[in-house]
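Take a look at these structures.
Each of the two complexes below includes subunit A, the first together with subunit B, the second together with subunit C.
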Partner chain A sequence: MTTTVIETSVDSSRALHSVARKTKIVGSALVGPALILVVAINVLPAFYGFYLSLRQVFFFADEGYVGLQNYVELFRDPFAWQAVGRSLVFTFGSLAIAVPLALVSAMGIRRLGNWGSILLTVLLVPWAMSPIVVALLWKWILVPSPGGLVGAIFAAFGVPPQDLLTDPLLAMPTLILIGVWRNFAFAAIILTGGLGQIPRDLYKAAAVDGLGAWEAFRKITLPLLAPSLLIVISMLTISYFNEVQTIIGLTGGGPIRQTTTLGYLLYHTGFVELDQGRGNAIAIVMFMINMLLIALYIKILGKQPGAAA
Partner chain B sequence: MKTGTRIWLVLGCLLAALVALGPIVWAFSTSLKPTNRIFQVPPELIPSVSTLEHYARLISEGVHWAFFNSGLYAVMAVAVALTLGTLAGYALARYPIPGKQLVLVLFVGAMAVPGFAVLLPTQLLFVDMGLYNTYVALPLLYAGHILPFAVWVTRSHFSTIPRELEQAAQIDGYSRLEAVWKVVLPGAKPALLAAATFGFLHSWNDYVTATTMVDTPSLRTLPVALIFFQGFHGRDWGALMAGVIIATIPPVVMFLLFRKYLIGGFADGSVKG
Partner chain C sequence: MSIGKLDRRAVLKLGAASALLPALSGIALAQGHSGTIRIWTFLSAEGQSPREVVLRELIEKFAAANPGVSVVVEAQPFQELETKFVAASAQNRAPDIIWMRDTFLDLVNQRGALANLDDELSADFQSNVIPDLYPVFAEKSVMDGVRTSLPLWPSPAQILFYRKDALAEIGLDAPPLTWDEFIPVAGKLTSGDRLGFGLPTNDNSVSAFINMMTGFGPDIFDAATGQFDVTGPEAVETASVVRQLVGAGALSSTLLNAMGDDIQDQFAAGRFAIVQAFAPRFAQYKSIAAAYDPNDLAVSAWPAFGDRPPAVLLGPYWTVGVSAKSENKAAATAFVEALYTPEASMQWAEVAGLVPDRRSVQSDPFFSTPEAESIAVFNALLDAPGALTFPPKLPDITKVFPIMNTALQELIGTDEDVGAILERAKATLGW
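Now for the complex of A and B:
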């Protein structure tokens, strides 16, 4: 009697075990193809890039191992450091305009209700466009002639036409503004969502306590919106740091390298000059900076209730 | 709300809408003007004489083939990414998988890594593997770029659907596959549409991958063809703005049709801007 009981329990546990193993195999088989493609396209090239960055590669011809020479030359090149500086100016300049603008828009959108969601849609149209097409479009808008759109606006104020994109001082700010035009509304989506999470009662209570609008913003909105703001800032940082297409289309890194960011330097070295060993060294440096930013980003995202992996 | 605040709010919105859409309206207006009126002073917003010559010129230069390529690549990439992404998203929500946490971090990380950072080694890898300058190069790369997002949104969606729904269907005599196909998948429509829209926009709008991964004119995408057109014909603004308009219509229409799902997908997920 006892033996049978033990036998069945062993049987069923064995059956359970094999079921568990089977589901594990099925699960892995379902995830496998996606995992392979993602690793092949997004991860593998990074390792290959590191390998190539230790070699002299020029015009698709591998001329052998050179150790860290590409990196040493890169770190000794004043133009590379200038490009790092230009990247910082572009990234933080864009952030400084995009984040407050997105915040103000998100607050307006919340207040407007249905009209607000229409406004959000309108503001997102430039974001749905191709960056290089945006570059072509703005090149025409900025054409230095009274027949151009900006030229006509300048003329209305008595200012002669300016070639903003070839002016060493104005090219970078112009690029930043166009970048912000293209994608600040994306940040407004997330901030609008974040504002929606703040209980309205808090504002009522604040009004009862006699808090002004500014104080309510500072003491309720900002602290409670902090998680969304952090997400937005980290996403935009990655996006602006890697921006290259509008730079290719609008200034080609000029005038006199004023808009040559690290991303543009990588494009120019690797794809135009075809100095691929050195280009890969830049790519690895950029990849490392990105990994750092992404690690921060995942950490921030991991703290989000409901959004954690 | 006080009337004063309200007026400022409305004015601010109008200004924002003008800044967002004005440039696009201006491009459309330019694309309809005869060449000799394009630089007219003062500029006309609504052309007094309009023409479709610039659009015809793009066609005579074969730019419509590039339009076709862009569409084909985007559709192929979305099809691959959605199929593989849904399978993986479902499995990650329902099955025990060895190293699941690591797999998830990998997908989230890959979602955030911009393709551009690894574009140069990818080009050299594709040259070595004979994939450079082929019809599959771009769909494959775009599929890889959008797949992490597809996995992310489908997984978060499947996690919200109660397991009991499938179990009930299975009790009713459906197989697990049928239960998923008939019960779970239709409910996942918002997640699938968000991923499809995002994927289409990413693929259609790309320039830098397309210009570095294919070389033959017959394989070119629309953005690449427009930049080449600019290189050959200098500043033929009428034709270039016609190109801007045809390149902008598909993604903007997609965005407008499915914005609800896309915005929803971004609001609870995360993706690069």
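Now for the complex of A and C:
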């Protein structure tokens, strides 16, 4: 009897191993093509980009290995440091408005039910638009001359046209607001999904325990929304930090470099000045900063109670 | 030999003839040209602008004369033409024909991407057509003794367009041609929503600052290096003029991000009285005029400094080359030659209002008509004593315009010391 049991157990174990092996094979087969694509499209070019960043490459002519010279020159360039600062201002300025706005929108959308879904679909239109189209659209809306929509609205209230894109003080805040307008609805969708994952019972229990709306939000919603927030903040950080197309279309890095972010500097160095060695060095630095920021988010938000959910 | 029976000699003859046939037909096709030629230009084959209409007609005409050739236009953003072409050339997928700016010709040629046209152009073209082109442009296409391209649409390039109606408001027919006189006039032209003077300040293809500086004549460019003195007295005086234009209310800080296209669109909407514009777009400016009568559009040279002649900087302009890696150089060159026939020159002139490439066609009665009035003005500017071109090898061509544009923005938008702004531009250029 005992022997039979042992034999059955061995068979079960073998069967389990076999199933596990087959599962691994199927999994690998499913992931494999995507992995090959990622390696071919992202990883290999990234390595090639790093290789080029160690060389002097101008207008597609490789003038040889220069070691870390491109990086040294980049770090010595005061305009590059200004660009890093402006990238951080643009990124965190946009995040500071977009994430709370997305959260409030997500909560409102859940309360509105079907109407909320329709509203969200409408709000998603800017996100679905091409960044260059967004830039052209806003350029015409903001042009401080006859034909500009905002200028016409200001004029109706007796306010003279405002140079929102050409004033060195106003250009960056204007870009931030346009960046928020473009992306917050996408963040709201993810957060709406996250809110849907939180059990309603918790709020009922909190109400029984006498917790107010703010406390329930702070002690239940926020912690349990942490995984969704982590996704939203990470994705928006990458999106904002790497933003370049709307900047090209709206301000061209100006006025007087005031909107020259690191992403725009990369475009300008690599595609206008055609200094591809240094352009790749900027790309590598941007990649490192992106990774650092995401690691930071994972460390901070990963500690939240809901992060394991 | 009877029919139906072939002796050995007849079989050999037939064999020899059949072997020769493909070769003979190949010769015939080569003379008539065959295959596909790809063209990279900023013009679209489907576009409706005057230049696009002419290009389409020229392609149709070429295709009719060369039924074996298929001409494919692959429109590209104009600022990316040279870069993409060199990249494509390195990967052996370059088009057969490339439109590029003259300021990039040296760089593109250095990369070995252009065919030697001395070897490709027909003897007739070399002996009859090239001498009929404007020498100032045609000679600039010869790099180190080799003809690398052919200039298209001779024009005063970046010139001033103005509204006669706006000038008439202050009792003038045309803008003054010295900066001392121009500054107060441009200030007076600012009225209501309209600015007296509009300049592109953020366009990587042009530099209004350099155009203004050419009011000192061709000596601003060093003959040996091609550089200009960014902090020299001429540059300082140019910067001072910019500041005076701002002070007079002619230039506004609202221009700090303006591209050439922005200036064009806003001029059409009535925002400016005088603007820097690309001469070959004259017909386009007329066609989109919304806030004024198109007949009030006119052109002028740039004002000069002191008693020097009014300035006309002949560039950047378009020039056309054949790819060194083209597998169909004969057909490609034939198409390029077709752009310069007297008929083509007349089409460019009549439809697009462009100065004809062939000088000899200017005896045509069309050029005496009111329709050709602007062409006569352009011609006069091309021959003006203040006309000059960029040096054949302007160094740091990819950096110089953006850097001088940032300096111009700083001059317009800040109160910073002129010397400090120019020193920074010089340091950034590394000159």
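General observations
As a convention for this text, the second predicted complex is superposed on the first by the 250 of 309 C-alpha atoms of A that agree within 3 Å, B and C clash if a C-alpha of one lies under 4 Å from a C-alpha of the other, contacts with A are read in each partner's own complex, and residues count from 1 in each chain.
By definition in this document, a residue touches a chain if its C-beta (ideal position, glycine included) is under 8 Å from a C-beta of that chain, and two chains touch if they have at least 3 such contacts.
What you see is a predicted model; the values in this text were computed from it and never measured.
Once the two structures are overlaid, the count of subunit A residues touched is higher for B than for its counterpart among subunit B and subunit C. Of the two partner chains placed by superposition, only subunit C is touched by A:61; subunit B is not.
In the superposed model, A:273 makes contact with subunit C only, not with subunit B. Once chain A of one complex is fitted onto chain A of the other, the partner contacts of A:38 are limited to subunit B, with no touch recorded for subunit C.
Looking at the shared chain after the overlay, A:235 reaches subunit B, while subunit C stays out of its contact range. Once chain A of one complex is fitted onto chain A of the other, the partner contacts of A:144 are limited to subunit C, with no touch recorded for subunit B. Once the two complexes are overlaid on the shared chain, A:169 sits clear of subunit B and of subunit C alike.
By the touch criterion defined above, A:208 lies against neither subunit B nor subunit C after alignment on the C-alpha atoms of chain A. The contact surfaces that subunit B and subunit C form on subunit A in the two complexes overlap at residues 60, 143, 145-147, 271.
Contact residues of subunit A toward subunit B in the complex are 20, 23-24, 26-28, 30-31, 33-35, 37-46, 48-49, 52, 57, 60, 105, 108, 111-112, 115, 119-133, 136-138, 140-141, 143, 145-149, 152, 155, 181, 183, 185-187, 189-190, 192-193, 231, 235-236, 238-239, 242, 244-245, 248-249, 263, 266-267, 270-271, 276, 279-280, 283, 286-287, 290-291, 293-294, 297-298, 301, 306-307, 309.
Against subunit C, the residues of subunit A that register as touching in their complex are 59-61, 79, 139, 143-147, 161, 163, 165-168, 171, 250-257, 268, 271-275.
Listing the residues of subunit C that touch subunit A in their complex gives 80, 83, 86-87, 90, 107, 110-111, 193, 201-202, 204, 253-259, 262, 266, 269-271, 291, 398-399, 402, 406, 409-410, 413-414, 428. Those residues of subunit B whose C-beta lies close enough to touch subunit A in the complex are 1, 9, 12-13, 16-17, 19-24, 26-27, 30, 38-43, 80, 84-85, 87-88, 90-92, 94-98, 101, 103-110, 112-125, 127, 140-141, 143-145, 147-148, 151, 201, 204-208, 212, 223, 226-227, 230, 235, 237, 240-241, 243-244, 247-248, 251-252, 254-256, 259, 263, 266-273.
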